[in-house]
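Going in written order, the chains are labelled A, B and C, and every chain counts its residues from 1.
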Amino acid sequence: MQDFVSISLVYLGIYALSAWSLNLQFGYAGIINFGWIVFQSIGAYFAAVTSIGPMTSHSYQTYIFGSSLAFPLPLIVGTLSGAVLAAILGYIVLTRKIRSDFVAVIMLVVAIIALQVVTANVSLFNGANGLSGIPQPFNGVLHLSRAGYQWFYVGWLTVICIIVYLGIEWLCRSSWGRSLRAMREDEELATHLGINVQFLRLVVFVIGGAIAAFSGALLVEFLGAWSPDAWSFVETFVVFVAVYIGGRGNNRGAFLGALLVPVIFGVFPSFLPAFGYPGLSSTLQWIVIALLWLCTFYFRPAGVLPEGRLIVQREGQPDVSSMFRRGWQGSRKSLQSEGR
Amino acid sequence: MDLYIEGIGFGIIAAASIMLGAMGFTLQFGLTNVLNIGYGALMTFGAFATYLLHVWGVNVWEAVIIGGVATSLLTLLVAKTVLTVYVRKGAALFEMAMITFGVALILENGLAAITHSNTYILSMGLEHAHTIGPIRFTSTQLVLVIIAAGVFILLDSFLHITKVGKALRATAVDPDLARTCGIATNRIVTVAWLMSGFLCGLAGGVFTIDIFTVNAFTGDSLMPLVIVAALMGKAGSVRGAVLASLVLGIVTQVVSIAGASSYDSVVAYGALAVALLANPKLLQGGLVAERVQITV
Amino acid sequence: MTTLTKEIVGVSLDARGIVVNYDGVLAVQDVNLSLTPGEIVGLIGPNGAGKSSFMNALAGDIRVKSGVIRIGDRDVTRLAAYKRARLGMSRTSQKARVFDAMTVFEGLVTSVRGDAGASLTSTLRVGRAKAAEAAAAEKAWELLDHLGLQHIANNFGNELSGGQRRSIDLAMAVIREPSILLLDEPMVGVAPALVPALLKEVRGIAERGAGILIVEHALDVIASLCHRVIVMAAGSVIAEGTYDEITENVEVRRAYLS
């Protein structure tokens, strides 16, 4: 039972990072990355092949690289791989004017192609069987039991999530974050204000891709294994639903979404006893997630914690040096103007 | 060389199902501007309908047609209930695509739950193979190709000769203008949903006859090629969809025969990605790239 | 009111032989324009004359088929729109554009030139970023006060009335202290009571040293503001001169009546 709690928390941390990365790309900048899962996956694979050690004559799996880099290098390599992939893809796909659902289709296609290529090309990442035996960091040093290590990982992820959250919040609340939203709201108007939309979009895509890859690297170091089963393109849908339900353009909302969707519906049922025919529960999960998405989008399109608005008020006399009091207002949709 | 000609033969047969699906998809997409990712689920429904009717003793070709009719009704139902609701709520293009994705998940997983994720076999019995040069095919496969070709000819004539057909094309190009010209766009859209649903069901039925099997996710294996073919032609252009289907069918089969079978889809998707990226104006001469309005 | 009366560094705008092609239709045929600092030039003409296309070409929103555009002595014909904006060009749009899901205040602060938000690295220089934010916020308040619109500072763009959208669209262009200001039908939909205040704002910008090109249908606005008027019809310039001169012009009358 203890296992269930610690593992759920680990997944919560991973999905939180995932949701923040997608929220940055989609919620704040309006980029429709329907191939998001590929970024998490590339981070996982590259972290794996740089920590798994070289292939030996006894190896039952084939892969590229195969170094045994010390912690935290595999994580860094994984994260960078996501950034590089995002830079390349972003440059090809995002620097053009394509309608939103077509961007989604193209990114989805990228995810499907990636899945095919990796599965078919066994020498890359061991094809459909995937990689296993990936060393967990610090395990040799700490000598913890399996349960103990799980809790250690929870602590490790908590630290990471706090740092990433603070970083992303700071970015999003800064004037840079404001240009993201400007770009999302009206690209041409943003251009007239001197914002280099193409470059901005690319930068956001790369940062989001890096965080996604980071989450993948962290996940693979926990699981010790990674295969194409873990990254079918439907997984992207789950993260989108999490961000939609939790609240787009709101990082706390994204965290809430990370809590609701994958953990409650993903992890929880896997600890329930199997009922019906084998595989029924996972089938039902998809139905539940889809229904949840449809209902939320109907009743509360902005999500549980919507983006909110920045309220500014003037204090004191209209003097250049006076301080402005700022506050965030949550879900109130309209503000009555104080008389005309 | 013979091998490649054989590939072309297989490609034409494969193109039969792709073509039917693509014609339906492009009609839907051209008229409503909704990228219906749930199309695959609807094809699965058509496939199952055909299978069930056949199991219950209906002649398989009649089963395909009845399956098509059933799918057309389901399509209309989904369109007029689910999709309309969200369009009224103000869903934009991408959100509509997500919604169709959600609907697809529910439909297909619902089917999976009911069928316990079993795969069923649709047997046509042992058949004699005919040969034309290096190409070998069964009577069934010949009929599939004839059905696809026949449907295309009928549809194309319908769209270009009949009044309703012309109204359809007009609404696809500019719904507001069509309305101003007195075309009852609501009814035209209903016709479009019904027709494309019918083609969708046909595609599912034909596909399942071609591959002998059906399960809750049958449509998913056909759908990507259907969407690729539909989007490579002009949105709303049936002729373009058919041409693209032929090309895709042949290319994927030839690639498969050339030994890189696991890459056949990659080639297809790659082709689409390149087509979309290189020239978004390829699709509807720029109209699709800018059109934001959804008509449901 | 210091920031609102500061002198603007004027830069001239020069366009020669501009040709704009829309899918085979020549929307603009060989049009010239010369705008000097402090000048307000009106651009009028019947619908479909190509006025907006010409303005779009100047701003960089569409590519010209041929011709040369210069800001100062710099050739900007192939320069991206956002770079022209950074060189001091500002514009409003025919359809009043505001940021729907951002407050008016945020929109204004984003519009301020040299806004630190344009680059990621500048946000890292925390001290400077904060100072820039405060300065931008100050400008935003001043302008809102000046226009009497403080009460909508916290409204989202999609909560504004049509007239308010126009005003804010103009405000976002004006707050950039542009050297060149392109206005596309800025008074359409504005409450008559608000028009004089906006006109005063436009005149003020010109007096501070900006060059302004204004497309308008309301001829009284043109008459009261413009030093010079250009008349376009069917893609070409058919007359140029002061307001009085062009209203007497026979060609112009024919173009408007036919």
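Following the convention adopted for this analysis, contacts are C-beta pairs under 8 Å (C-beta built on N, C-alpha and C of every residue); 3 or more make two chains touch, one makes a residue touch a chain.
Keep in mind that what you see is a predicted model, and the values were worked out from it rather than measured.
Would you mind naming the chains that touch chain A and likewise touch chain C?
none
Using only alpha carbons, which chain's centroid is the nearest to the whole structure's centroid?
Smallest centre-to-centre distance to the global C-alpha mean: chain A.
How far is the middle of chain A from the middle of chain C, if each middle is the mean of its Cα atoms, in Å?
40
How far is the middle of chain B from the middle of chain C, if each middle is the mean of its Cα atoms, in Å?
Between these chains, centre-to-centre, one finds 49 Å.
At what distance in angstrom does the C-alpha mean of chain B lie from that of chain A?
33
Can you list the chain A residues touching chain B in their complex?
Touch residues, chain A against chain B: 32, 92-93, 96-106, 109-110, 112-113, 116-117, 119-120, 234, 237, 240, 244, 276-277, 279-280, 283-284, 286-287, 289-291, 293-294, 297-298, 301.
For chain C, which residues count as touching chain A in their complex?
Interface residues on chain C, with respect to chain A: 2, 59, 61, 80-83, 85-86, 90-91, 93, 97-103, 105-107, 109-111, 113, 115-120, 122-123, 129, 132-134, 136-138, 141, 145, 150-157, 159, 172-173, 176.
Under the stated contact criterion, what part of chain A meets chain C in this complex?
These residues of chain A touch chain C: 171, 174-179, 181-182, 185-186, 188-197, 203, 249, 307, 309-312, 314, 318, 320, 324, 334-335, 337-340.
In the complex, go through chain B and note every residue touching chain A.
Per the stated touch rule, the residues are 35, 82, 85-86, 89-99, 101-103, 105-106, 109-110, 112-113, 116-117, 224, 227, 231, 262-263, 265-266, 269-270, 272-273, 276-277, 280, 288-292.
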